[in-house]
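Both complexes shown next keep subunit A, but they swap its partner, so subunit B is in the first and subunit C is in the second.
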Partner chain A sequence: MLERHILGPIEALGQYVLLLSKAFRSLGEFGIYQKNLFQQMVRIGIDSIPIVALAGLFSGAVLTVQTAYQLESPFIPQSIIGSIVVPSMVLELGAVVTGFILAGRVGARIAAELGTMRVTEQIDALEAMGLNSIGYLIVPRVMAGILMFPVLYITATGVGIGGGVGVAHYGGFLSAGEFVAGARQFFSPFDPIFGLIKSFVFGFIITSVACYKGYYTGGGAEGVGRSTTEAAVLSCVYILFANLALAVLIL
Partner chain B sequence: MIEVRNVYKSFGSLSVLEDVSLTVQDEETLAIIGKSGSGKSVLMKHLMGLIKPDKGEVIVDGTDINAVSYQELRDLRQRFGMLFQGGALFDSMNVFDNVAFPLRTFSPLPEDEVRARVRENLAEVQLEGVEDKAPSELSGGMKKRVALARAVALKPQYIIYDEPTSGLDPETSNTINELIRSLSEQSNITSIVVTHDMHSVLSIADRAAFIHDQRIRWLGTIDELHTAEDPVLNGFVRASEYQIGKPAAATNK
Partner chain C sequence: MKYSDELKVGLALVVAALVFVLGLRYFQDLPLFETTDSYYSLVENAAGITSGSPVRVNGVSVGAVRRVGYDADERQVRVDFYVEQRIRITEGSSASITGFSAIGDVKLDLSLGPADNERIPRGGLVPSHEEDFFGDIADRAPALVNRADSLMIGMTSTMSSVSRLLEEPDSDFRKTLQSVERTSDQVNRVLREEQQRLAATLDSVAHLTGSLNRIAEGSEDEIEATLQDVQHLIKRLDSNLDSVERSTDRLDNILEQIESGEGTLGLLVNDPQLYHRMDSTVVRLHELIDDFQQNPRRYLKELKLIDIF
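Then we have the complex of A and B:
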């Protein structure tokens, strides 16, 4: 019991770190896996744009309506709505909403894909051919995550702010001009940089945790199901912790 | 030549191999037989370093494969072709790309030569016109044949077959056995066949190693198998619906 609860997670962490160090060491032969990187950038990044944009759009719109509702006072200038919505999207919502959506969409997909490859011996087949399966399967996915998550973050944040402006303007809360003026008033150039740092970290967490869970899947179809769920759930939990840690450390 | 020297392997508290020693001679076909769960597949995965032994050595052409770097091990693995039990075809690729995969990855061949080689390999396993199909569209026997075409694509020195006929009907099993035999005869390949199908053993193997209770209990030629006096081996062979000494069996070899 004690062994399972205390040593289990330590062993898992060790295995995860070892996997990543093997992945790092295989960067030297990246030329062979380059094609996979582009393929994964499309699957992880480009294919996720619609859902991420949709989530961003609604987050920005709802945030605007609720902020307007909370600040309904003749003593508060309406432009303050823009001052709240834009930094909230840039600092927090853009990255976190993207992270949660992709933990499900990308994390589960990677874990299911690699888990199935493991249980059907496709990973053994790669190794048996003399290929470095970690370099071939994991490096392109994690790199695609790190490279594409910032793009998705920018998409979610941009569309979210657009959604906020749209709802503010057409919902009769404040004009687009006022919204933008409010946003510019308190704009700090570091905010988007912080959001980008978050998205890099979230991209790494989601793809590396999913790769780890998928790569070490055992136990047939049930094992694949377990890995997939764990990849999605653990990615969300680690995103929450990383989110707090980054805010405390950097801001 | 592959030499397995005093190999021990256990998973947690479960001991799978104990003091296993075995030599696979060049150009022979050796069958590793035994009950399900006897450690055949674990022993097979040791032969190309997919599993490392807890103790003991595996020597391939004079190199201890567990004492070399990962890069050297990978180079060494290119001397092997392996047919996995379920085929292990990459389901993200169609049949053509599966067979072309080792050629595109490891050979300097230009794409038109790759295409010609893939067609040649597929023709060798009597499969034509399925190049564009996904592995999921193929029957069990077809999957094994595509996997066989992929395994021999780089003209390996050794081929390891993991349960090549399991789950197949008798006719398809015979086709696979025929393919394995013709491959080893044509290309002077050294073959290691892990199986519990005695019909397969008698059709294709020169020698057999019988694993029982984590050890190699019996090792000998197919002719010796007919006259072996080991009760456990005989029990296994009889249970496989083969009566030692039956003329039908003798004619298979």
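Then we have the complex of A and C:
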């Protein structure tokens, strides 16, 4: 009981931190992971752009329509819709929607990849060849996550605001000019920087949790399935916690 | 054509960075590609201005506030802001914070100095002048409150005397009100009675009209004939009256002649001599007849009528 519910998670945390510290120690060995890094950046980043843009577009459009629906009052200027939608996208939705989508798309993939390599003893083979498997497999993935996640965040936010303006303008809620005027009225330059910080953190969480789950997979094909599920679910959970922690600490 | 992974990644990063910077400038209301100059100003009170608040010249947005912080050396609030480079901020320019933070509409208004003056160097100080709208109100507030207070006191005393008047059972005001009430009661009663009578009158009028209508409907032809007769009669009367008029005219003429003494009748009327003579004649005739009766022989002697005898 004690071992399972208290010591178990603490042990897991220690294992996770040790893995990451090993990864950071091998950060200098750029030659090992250089080729892998760009490959992972394309797979994690560039290949995710369409789905992230789609999610951003729809969340921005829906947010605009629903804000317009809620604020239907003669005392509130229409431009307030713009000043609600833009900061919402920049601060929250752009990063979180992207995070959830990538937790499924990227986290699951990394965990399955590494898990399969573990159960088919490819990782052991790498080690046997004298290669730093952590530097070779984990560092490029986590690096790719940290570097490409902001790109995806900017994509989602930009497309989302564009979707919001489009729906507002062509859906007859308010003109694009009013929307932008409202957005400018309450715009704070720190908001996008905070969103960027969030996206760095989320990218790190998703890829590192997935790598940890995949790297320490055990128990055959069933183990791969379990660690894939756990990677996706835990990334989502940690994103939620990190979101709250960042908001409390930085804002 | 196949692009290398490095190219794709690099392109994505560059585009994202560009979008980020341009988006930031766009929503800050800064020109996207033009360069800006930065200046700073020292004010007593930030009054709700934040980084991102617009900087305006004559109401047109030309920049944004970059940073607001407290300057411990100057013991004032330091406001750093960007302004488009084409705006020449010359010596004599000043900055002031306007708008209400409650509406979220706070901005930094610049009033530019004369165009001939030297330009304030980049990063230089633009002096501020405070447009203390709320301060003014706060200064005037005590006097305003006092006046409002005295007004309230006066209103209270007025209201209390009015209520006293109303409460006293034998005050004039109350009596007046009561008599007004009585009068209006009476008026009401009279109106009610009259209403009934009026209604009855109107009813009978309606009844009368109805029966008249009924009669008229039954004998329209007779009425028409009668009316024609009456018309005929009136015509005849008219002609009669004409002839009467003519007779009267002639009578008038005759009477005029008589009056003016023309003709026999006129003379008779107007000449007393003739009357006297006729009178005397009649008297003598009378004597003669009397004499004839008394002494017929005197006259019959000469009469030869009985000559046959």
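Heads up, the rule we're going with is that the second predicted complex is superposed on the first by the 251 of 251 C-alpha atoms of A that agree within 3 Å, B and C clash if a C-alpha of one lies under 4 Å from a C-alpha of the other, contacts with A are read in each partner's own complex, and residues count from 1 in each chain.
Everything that follows uses one rule, which is that a residue touches a chain if its C-beta (ideal position, glycine included) is under 8 Å from a C-beta of that chain, and two chains touch if they have at least 3 such contacts.
Model, not experiment: these values are computed from the prediction.
**Q** Looking at the combined model built on subunit A, do subunit B and subunit C fit side by side or clash?
**A** Verdict on subunit A: subunit B and subunit C fit.
**Q** Considering only touches as defined above, state whether A:A61 meets subunit B (first), subunit C (second), both or neither.
**A** A:A61 sits against neither subunit B nor subunit C.
**Q** Just to be sure I read the superposition right, which of the two partners does A:G130 touch: subunit B = first, subunit C = second, or both, or neither?
**A** first
**Q** With both complexes superposed on chain A, which partner does A:I32 reach: first (subunit B), second (subunit C), both or neither?
**A** After superposing on A, A:I32 lies in contact with subunit B but is clear of subunit C.
**Q** Tell me which of subunit B and subunit C touches more residues of subunit A.
**A** Comparing touch counts on subunit A for subunit B and subunit C gives C.
**Q** Per the contact definition in the header, classify A:I205: touching subunit B only (first), subunit C only (second), both, or neither.
**A** Neither partner.
**Q** For the superposed arrangement, I'd like the angle with vertex at the C-alpha centre of subunit A and ends at subunit B and subunit C, nearest 10 degrees.
**A** Apex at subunit A; the opening toward subunit B and subunit C is 170 degrees.
**Q** For A:F190 in the superposed arrangement: first (subunit B), second (subunit C), both or neither?
**A** Second partner only, subunit C.
**Q** Which of the two partners, first being subunit B and second being subunit C, lies in contact with A:V106: first, second, both, or neither?
**A** A:V106: touches no partner chain.
**Q** If you take every C-alpha pair with one atom in subunit B and one in subunit C, what is the shortest distance in Å after superposing?
**A** Checking C-alpha atoms only, subunit B sits 16 Å from subunit C at its nearest point.
**Q** Kindly list the residues of subunit A that each of subunit B and subunit C touches, one partner per complex.
**A** The overlap between the subunit B and subunit C interfaces on subunit A is empty, containing no residue.
**Q** Using the touch definition up top, name the residues of subunit C that touch subunit A in the complex.
**A** 4-6, 8-9, 12-13, 16, 19-20, 23-24, 27-29, 50-52, 54, 64, 66, 104-105
**Q** Help me check something: in the complex, which residues belonging to subunit B touch subunit A?
**A** Listed in rising order, the residues are 45, 48, 50, 70, 74-78, 80, 82, 84-86, 88-91, 101-102, 105-106.
**Q** Considering the complex alone, what residue numbers of subunit A touch subunit C?
**A** Touching subunit C: residues 38-39, 41-42, 45-46, 49, 83, 86, 147-148, 150-151, 154-155, 157-158, 161, 180, 183-190, 192, 196 of subunit A.
**Q** Sort out for me which residues of subunit A touch subunit B in the complex.
**A** Touch residues, subunit A against subunit B: 32, 116-117, 120-122, 124-125, 127-132.
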